[in-house]
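One chain, chain A, appears in both complexes that follow, with chain B as partner in the first and chain C in the second.
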Partner chain A sequence: MPEDHLISDLLMFIRTQFLDGDATGELTDETPLLAWGVLDSFKTARLLSFIQDELDSQIPPEQLYAGNFRDVRSIAAMVRANGGRARATKGDSIALDSDPR
Partner chain B sequence: MNQNGDGMDIPGKSGYVDLAAGRFHYRSWALDTDAPSAILLHGNGNSWITWSRVGPALAAAGMEVFALDLRGNGSSVKPPAGSYGLPEVVGDLHDFIDTLHISAPSLIGHCWGAAIALALAAGAFSDRIPPVLGSLVLEELPADMSAPADQPVVQDFLRMMRSPRSYVEKWVDLICRNWHPTDRESLLADACGADMDIYLSTVNDGASAGPLLPLLARLKVPALVLRGNPQRGGVLNDKDWQLVQQYLPEDSIAYELAGSGHEVHRGDYPTFMRQVENFLHTTVQRGSA
Partner chain C sequence: MSLHQLAIDAAARYPDRPAVAGAAGVLRYAELDQKANALAAWMRTAGVARGDRVVIWAEKSPDVVAAMQAVLRLGAAYVPVDPAAPVARATTVVRDCAARLVCSAGQRLPRIRGERGLAASCLDITEAMPGGEPVNERAAANDLAFILYTSGSSNAPKGVCISHRNALAFVGWAAAELAAVPADRFANHAGLTFDLSVLDIYAAFSSGAMVYLIPNELAYAPKRLVELLYEQRISMWYSVPSALTLMIRAGGLLDRPAPPDLRALLFAGEPFPIAQVRKLAAWTGARLLNLYGPTETNVCTFHQVRPADLERDRPVPIGVAASGDTVWATRPGGGRARAGEEGELYVDGPTVMLGYWGREPQQGPYPTGDIVRALPGGAFDYVGRRDLMVKVRGYRVELGDVESALAAHPDVEEVAVVAAGAGMDVRLEAFVVPVAGRTPGALALKRHSAERLPPYMIADRIHLVAGLPRAGNGKVDRAALTRHAHHPGPAERQEASQGARRPPDF
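Showing the complex of A and B:
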């Protein structure tokens, strides 16, 4: 499902970019990112760039508030509501588009 | 609010001075005292307003404080892109000190401002004899002016400059949610007031200066070098941080603010002020002994 792919992309990004790979596997889609300090100011900015550049989701200003960044599930819902697509989904469509048939 | 601070109740007084390159704006606090002086030097794309809380606090601590709008920024003269190399900007600062007859000021610079302060104190890029200085505080000194072009903090700032104000307002509220409201206001003013061509010219023109950290070894005044946590956006990586400690003279200090990113004096204002006031207290005492 697209939502699952989005969550997977977001989890992967946060694990690799912010948690040194999350070797202990603590991060889930319901981990309270702000409350636990996973998303400080710099990392929130990086995550927002990832959402815009890699997931093709332009978040409108009125949705830029902490509640939408509470956990990966809420971030994914916001991204999906604003036209974002998982990278795997984009890869599929690119492959289909380039298919000569 | 804009980069003049209009619409914001910040103490201090604005002034203008004509230098060789044109008319420059500065903000000052506690000018009628015989106190030791400090000059605050903002980073690329910023203005005096980045020091909205630092300036008054240092004045309250007994200093005469000036915050200069560097060329191309705030309300100072804006030469065309291509004239923002360190030799030109260091010359402006030297002229500013001479023209206002500021006696042995301490220079406190953030990023680009730190590079300028260091270059002036080290006598780099100029045939002129450096002015007498009190001490240096170098916050987030870049290893090389070209390096920050690839830094995420630079990319974020460029993204903000390209965005509508309504977006930037919400962005700042979200990203800087733990900052003091005055500091959020000042970042917003900077992001919406900066000139992108000049911002990029400062990076490109500054690149010709080459590596900056070796200049630390040439210092004749004590320095406090502050870095933010590179995991949070600080521009000095661990290898460069080792170089800083290697080059710094014995009477200087290198200190990392682990809880802060690049925006040290706004992101962790209490720790910044504590470090700076302790350092200046020590160096001012030493200078007057």
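Showing the complex of A and C:
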């Protein structure tokens, strides 16, 4: 399977912002984010900011329901359906702090 | 008089006025009445009778409110469960209260139906139903109307049993204090598992007014909340302070002139930082009301914010007795606290719960576990909790529950959880001492917790540590842990700067 840059960007954001870097490498694109408490209302709002600002995707309010935030794969599908693109394809690099500890 | 009589009377008087609205549409009083009767007829067929319990596990909607009325009309009691809770939590509640029926909808139905050994049957409340004959079983004052489950110690959920008399005493007081009229439009921000929602729904029904249900997913989407306030011409807003703080910080609430329809902003559930109250007072001429009371008594004191309160450097008082209750503070050594003294707040009167489900009935005054300071003139200031119960965005969380869930993981030797931050930014930070040779990951521990606890009780951050600091008495030094949690790492500093650059935008 070819590398999916959009999924990588979302994984990287969630690892660095919400999982202290995920040193044990547990996060996958199928990890249930809402069910395991990785995302809550506040964190979802921050993730949406990232999606808008960095992935160029405006998510319409009617798509803001739990099913679309179930896991990284669902989020990526929603972002893609709303015109979002991976950062790497835009030619800039990920500026997130990748080593928070 | 029964709690369900409020909607029945309003339907007779104001059949064409809107009763309950939400994203899915609006029900007028006549439609609410009809829907409630139809659902009651179905529930009766399913075996629900006077004295039974019916669990409601569904997203907020006008249909859900109709189902609540249907349950009451049968002389039964409804038991709301957080729609975001895992199916295991829902079934725990179903079993604990020995529910006859579970009302649900959508994807939750097959999940709850799939639970083996559950005696209760299931009803899809969104299914179209034929109209039914009026149903209106009388209820005695001390009959159970609903059960609100809260976080209890030792991982067992505690069901607070509220009678018709309990609810009506509070609702009657609130409607009179607010001078509610049919033209009023109440916002329902809190989830239906919260006692705050009792005011929104039933103060509206008691006055022929409308209640607008804000979906749980939007409860912390600040821009949408601000838009709803204007679009829906809300006149009565009631929420935890965190929601208002977020609307101020990230929703642009204060950037527009206050809506002319807004008559009262009510807040409860945690102390509201005074700086935010000052901003609201400068923005709107609406009444600002601080309501106080644990679920066990609903609102037992209240305070209307006055100009002098804004000059204080602490939250506004919780005020004086409400809902026909009597309140006082008992000093640690015994005896009633006089002005200037601190003590535990006690409540006696019509809103004190029947008791916890399955336990001895509540006898006499209810000790709140909250420390207050008596003020001259009979009012009180809130000081803090006696035990380790904390509030996370309005949810009551017993830290011991979070700890015992984590401690049950095979890789965890020892754990302590503290609440760090303040107000809207409160988060649960867990300090975990792993079993020798093990390094449990944060996700593994979150997953483990999610199987046992509702989402708001899952620790936000997990720190793996070699040992826990101890105070002189051998107890875990929670103050030291809280100081450690407050010290932000690089990732958090970056989050803070990003937050300042651009607020979340739903």
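Miscellaneous remarks
Just so it is clear, the second predicted complex is superposed on the first by the 88 of 101 C-alpha atoms of A that agree within 3 Å, B and C clash if a C-alpha of one lies under 4 Å from a C-alpha of the other, contacts with A are read in each partner's own complex, and residues count from 1 in each chain.
The definition used in the following text is that a residue touches a chain if its C-beta (ideal position, glycine included) is under 8 Å from a C-beta of that chain, and two chains touch if they have at least 3 such contacts.
A quick note: this is a predicted structure, and the numbers were derived from the prediction, not measured.
With the two structures aligned on chain A, chain B clashes with chain C.
In the superposed pair of complexes, A:L27 makes contact with chain C only, with no contact to chain B. Touch criterion met: A:A66 reaches chain B and chain C at once.
Touch criterion met: A:L19 reaches chain C, while chain B stays clear of it. Of the two partner chains placed around the shared chain by superposition, chain C is the only one that A:V38 touches, whereas chain B remains out of contact. After superposition on the shared chain, chain A has more residues touched by C, the comparison being chain B against chain C. Shared interface residues of chain A, touching chain B in one complex and chain C in the other, are 40-42, 45-46, 48-49, 61, 64-66. Partner chain B is touched in their complex by these residues of chain A: 40-46, 48-49, 61-62, 64-66, 69.
Residues 16-17, 19-27, 31, 34-38, 40-42, 45-46, 48-49, 52-53, 61, 64-66, 96-97, 100-101 of chain A are the ones touching chain C in the complex.
For chain B in complex with chain A, the touching residues are 152-153, 155-156, 159, 164, 166-167, 169-171, 173-179, 232-233, 261-262, 267.
If you check the complex, the residues on chain C that touch chain A are 84, 86, 217-222, 224, 250, 439, 441-444, 446-447, 449-450, 455-456, 458-462, 489-491, 494-495, 498-499, 502-506.
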